[in-house]
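The same chain A turns up in both complexes below, where it pairs with chain B and then with chain C.
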Partner chain A sequence: MTGVVGIARTHLVTNLRERVTLFWFLAFPLFLLTILTAIFGSLGTPNPTSLSVSLVNLEPRREGPADFAAVVEEAFAHLGASDTHGRDPLFHLRRPAIGEDPQEFLDRERDAVRIGDRALLIEIPAGFHQRLDAAIAGDGPGAEIRVYTSGGRISSDLARSIVDQVVAAVNGRILSAVGRFDPSRALTVERASIGSSGGDPLYIDFLLPGVVLMAFFTAGLFGVPGTILFGRERRILKRYWVTPLDSRRFLVGFSIGHLALCALQFAALLLLGRFAFGARVGFASPTAVGFLLLAAVVFLAFGFLISSVARTANAGMAIANVLNLPMMFLGGLFFPIGELPAVLRGIMFINPVTYLADGLRASLGVSAATVPFVTTIAVPLIWAGVCIAVASRRLRWDVER
Partner chain B sequence: MSERETLRVTNLVKHYGSVHAVDGVSFSVAAQTVFTLLGPNGAGKTTTLEILEGIRRPDAGSIEAFGERRSRIDRAVKERMGVLLQDSQFEPYLKVREVIALFSSFFRRSLPLGEILDRVALREKESALVRTLSGGQRQRLAVGVALVNDPDLIFLDEPTTGLDPQARRTMWSLVSDLRRAGKTIILTTHYMEEAESLSDYVCIMDHGRIIAEGTPRGLASELGEETFIEFDGRGLSDAQLSALGSAGRVTGAGGELISLETTDLAGTMERLIAWSKRNDVALRDMTVRQPNLEDVFLSLTGRRLRD
Partner chain C sequence: MTAYRALLHAEWRLFLRDKVSLSFTFLFPLLFILIFGSLMGGIGDADARIGIVAPGDDGHRLERIAAETGRIQPYPDRGGLEAALEGRRIDFGAIWDGDRLTFLYDSRRSQENYAFEEVARGIATRFDLDLQGVAPVVRTAVESVGGRGTTKWLNLVVPGILAFSTLSAGLFAVSGHVTGMKQRKLLDRMIVTPMPRVALLAAVITVRLAVVYLSTLITLVTAILVFRLEFDVHWLHYSLFIPAGTLGAMGLGTAIALVVRQPSSAGNIANAVSMIMMFLSGIYFPVEIMPALLRAVSRAMPLTYMADALRYATGVMDMSAARFWMTTGALFGFGVSVLPVLARYVVRADRR
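After this line comes the complex of A and B, so read on.
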């Protein structure tokens, strides 16, 4: 064990002290987790994308089930309430306060739309029932609601398209209630198709294992050659070889230090995912731990491979960058991979990241396995074997002269 | 190999392609002495040292270390040796005491941290990151690291290259201290003054071979009873220079420094002063000195050490 612990500690400590590596290994994955969750997660926290909409019903109430103005009002009011899953409402809805004059409310909110404070204003005008009754009786163009928007604003357009769907649905209900419409053909408003993409399991549960793998990937493909090639160029390693420390012990110590670094990355991401974004995914199963370890080892092996074929630290970083794009983005780390062109599918097929992500997620119960369990272990292991075989032949510990 | 020898090298050869970096070098190093390889850059000093340090394998030749013949420098030898490499660095984000502790952990036996820090005067800097150290402090740290295992044999490859005069003097006194403490030291340098003031024995290397060896005084005295008169010769015309031939033997007329070599100091001085009056030449920065290792190298190769 002479020197092994010292080398492990050195690798860990120097990585944590260097601001650049600290950023890429720790801060960046945390940042990525945060930003992707904020964009695609929409989890329980106030949703800034809720549309600000005002609603006023100027039609006096009519007793009985045929108060269609109230039906329309409630249909929109429904869009302003959270659903049973606790997801944010589509509309942040404003209505006249109790006792407030609806006409005053209408005037004030029209101004709000004009200056862009509201995406949209819905007015159910007085005379709604009269016109509706006439339309049903067959002698009139039909009742209308008035929608005020300010032109050219995306939120207004979005809100209006939702209103159009609601109106179509309400039309269907009214027409079918009076026997002139087949309810099975009625439009329904499916709010899930417009709103956030949440679901069960949560996006954060899908994302977290991906970001953990990305963090391991960065530490392995960039961190390992960075340390080894930099150490070789600066003759830091050479200084080790004139002591009783040999390259075998160095590698053991270095690998232990690297795995400790990965463990730290994992802990930081897990804590953030759990406590900031409510991730429920647990990594406690032996299979999940096994996949995490496998991933850390595979990327470590890739790091050794790069160190063995690059002559300088800069060349090593260039190779890592070339591998970075296809491996990371054609491995399904951040998004489920859908249909891809044949070439990209080919890369995905041989990419160890694909199998690690698939196996890890399946072992966590986040998504169903798409390839057999054995394959998810075998393909990354084969890659690790190839990398280590090449590295053990080609890795040079001193600059050539 | 006698008890008094720490190291003996016989016919060491190392080629890089067609370059004969080390071309049949033999020498022996007496215990508790300072042994110096002196030569210009590219003479093969560092390659020779790196073979002895176990970094490179020789193409041919044999090495005996601590009384045993070895095919290569193994762990047992490394436990007893300390090395200051010419161009190596330490992890920039380690602290001084962490670097020393790290290297201590490589050896079965090591000195206490405080003793090392005191020896190289880095006690105040023990918590500083390597990247914040000055050049001289880094070199002292490197020396401290070379001493962590209280070695019997110490390699110092160009220990003062790139250091300011103050740091250089500090390094020289460190070497003298180590020699007094009974260490065997193998040193390489291309500074003639360094070799002269520190060494018990000098091998002068050029083009991968040893071209002269002996004590510094012994090597210089091989040049005979000659004395050198030197002065700044910038701005002299060819005619003036050729007239100078009547004053004495001109050896270093190529550059700025004019050098007259003579066994008759008084006579040469008289003729030189007469020449200077005739040609109206101010003998700027004139010095009179005995031959040194630089002159030995010059007489053997026709070149200066730092050319």
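After this line comes the complex of A and C, so read on.
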């Protein structure tokens, strides 16, 4: 028993002492959780980003409230002002300086859009009022606002979608002002969603279980073969066998140490998710704990499988690298998987990560299960069984001569 | 010259034997393109796929308006629409019951729903006007003045992956390969022979430049053939940038090798640095959607500029020619200026 505990402790402490394992098994999952939450957690919230946009109004002023070009200009100018919370404005808006020739400004800013210095340029062209008056009278397709974008730039696409929203609102204001649209009879629009039991989950609640599984997965896939294969190559394992410790007890101790490492990964991620990003998801249910344990065991078994089929540590790392990408990204850890080509769909169906992610998220109530509960347990268990069966037959403890 | 040829031959064989380097250089970018391309190849397509449940004349109006902004798919009832949404055959749904317009989303697609909600808002506004018998009187006319007007998200990702391949190959050539030779005491043995250090460096650089050029080319051609992506590659720009980028990354690798005391740690640090850069340089997530702090960090990452330069060289994105040449020149200049440091302080016998 002392030997088993000693091996477990050694495995855990070695992992914590090694800067490499500390980075990949602990720091990197924390980094990934932070980055993905910082990027995708703020999407759809007010002012997640600030875009550099130029605006030029070439239409001469018209006296009175019917100066609709000024209404359009004002609507965009509103986006260029910081909100009440002092956040950056949605648009960093540039307009011609006093006395500057608008046409020159237009030419210069069009070039700035082309090379990516501006996300977009809005031009209210000359003749805007004339075309608008005709459209209001039912005689014409409407007044155009020209929008210059740069293809291939996401900032341009984002700015364009915002411009579309502003133009939609401006249409309502203008048509209300001329008595053609009654805002009191406006449409009732609602939002609903499928895919989770309790409405829209926070992004962090969806992501956290995925990153926890990724951390377990990396520790199993890289950590286990790393320790066993390098230990074998450097003849470290060989030294164990001259002690009273046998390979069975070594494996038990090693597995306990690995599970302790997974527990540490889980605790660190949970603390960060909860206290830094406000994750509400609770892992306390027996089903969720069961899935976490199953995941840790399955990935540990994968690590043993790689250790048993690789002849060298170098080859083991190469096999882990090749398995890493398809298993991680075709398992729905970071985003749900939809329609895929047949080959990738096949990989997805046999991938234990798919079932573990699905089962864990369903047990946490952050997304509805897409496969039966039994399958989410059976497929990973079958994989664990196969991996352990192969490893028990093929795993060698000493280098071949 | 004989030494150079012999070392070149040895370097090439070493590279082919190193399974990790081989998989990182050739397999990693290919796998990423194939997996990401299949998962997200449709992102950036002009049309969202909209499922509609809307009986009666008003329903036809809604279908007509939605068809102007997306590809519509009518369903007889909400159940059918939900099943399609669940199976990702549609991006979101619109249900009109004669009184209320309800938009239905898949809560698991939180990374994309914000974009679908914007499309939905546009449809709701048009439908609102249409129900009161009026049409919009102000509309937008969009003109693309730079790059390709119909670029998909994957078009942007592919040059990003090429840039990442270039960066990691250059980084690991020094902080991985050279430091590995040092750790295994290979350098000790080589340096006591009449071989000039310059010949060793030249052999390492030649093999890496050839390998990076070949690997990026294979990745690019795979993306074009498998996902039918269109690139307007400016081959002179491309062929000059890849070597310049590799040299620049080797310079960065040298800096890491100098800072890190243990030769074995250099590879690990290079691995960590490249991975952090990958997430912060707009390779997989656009820089524009990042919070202000991360955008500022992104601007300090060389990989951001490398990805932009390769997007320019592949015709995906426009930038000023001066900016492209400045990026290329800076990487080349940095790489070349660091070479003497590499020869003197890194390619030397290990301290005893």
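We take it that the second predicted complex is superposed on the first by the 246 of 401 C-alpha atoms of A that agree within 3 Å, B and C clash if a C-alpha of one lies under 4 Å from a C-alpha of the other, contacts with A are read in each partner's own complex, and residues count from 1 in each chain.
Keep in mind that, in the parts below, a contact is a pair of C-beta atoms (placed from the backbone, for glycine too) under 8 Å apart; a residue touches a chain by one contact, two chains touch by 3 or more.
Owing to the predicted nature of the structure, the values given are computational and were not obtained by experimental measurement.
Look at A:G365: by the touch rule set out above, it reaches neither chain B nor chain C. Within the superposed three-chain model, A:T243 lies in touch with chain B and out of touch with chain C [touch as defined at top]. Applying the stated contact rule after C-alpha superposition, one finds that A:R110 touches chain C and leaves chain B untouched. When the two complexes are overlaid on their common chain A, residue A:S161 makes contact with chain C while staying clear of chain B.
In the superposition on chain A, no contact is made by A:G278 with either chain B or chain C. By the document's definition of touching, neither partner reaches A:P102: not chain B, not chain C. After superposition on the shared chain, chain A has more residues touched by C, the comparison being chain B against chain C.
In the superposition on the C-alpha atoms of chain A, no part of chain A is touched by chain B in one complex and by chain C in the other. Note for the complex: chain A touches chain B at residues 2-3, 5-7, 9-10, 13-14, 17-18, 231, 234-236, 238-246, 398, 401. Contact residues of chain A toward chain C in the complex are 19-20, 23-24, 28, 31-32, 35, 38-40, 42-44, 48-51, 68, 72, 88, 110, 113-116, 119, 132, 135-136, 141-155, 158, 160-161, 163-165, 167-172, 174-175, 180-182, 185-196, 199-201, 203, 206, 314-315, 317-318, 321-322, 325-326, 329-330, 335-341, 344, 367, 370.
Per the touch definition, chain B reaches chain A in the complex via residues 16, 53-55, 75, 78-79, 81, 83, 85, 87-94, 98, 101-103, 105-108, 129, 145, 149, 155.
Residues of chain C that touch chain A in their complex: 18-20, 22-24, 27-28, 31-32, 34-36, 38-39, 82, 85-89, 99-111, 113-115, 117-118, 121-122, 124-129, 131-132, 134-151, 153, 155-156, 265, 268, 272, 275-276, 279-280, 285-295, 308, 311, 316-320, 323.
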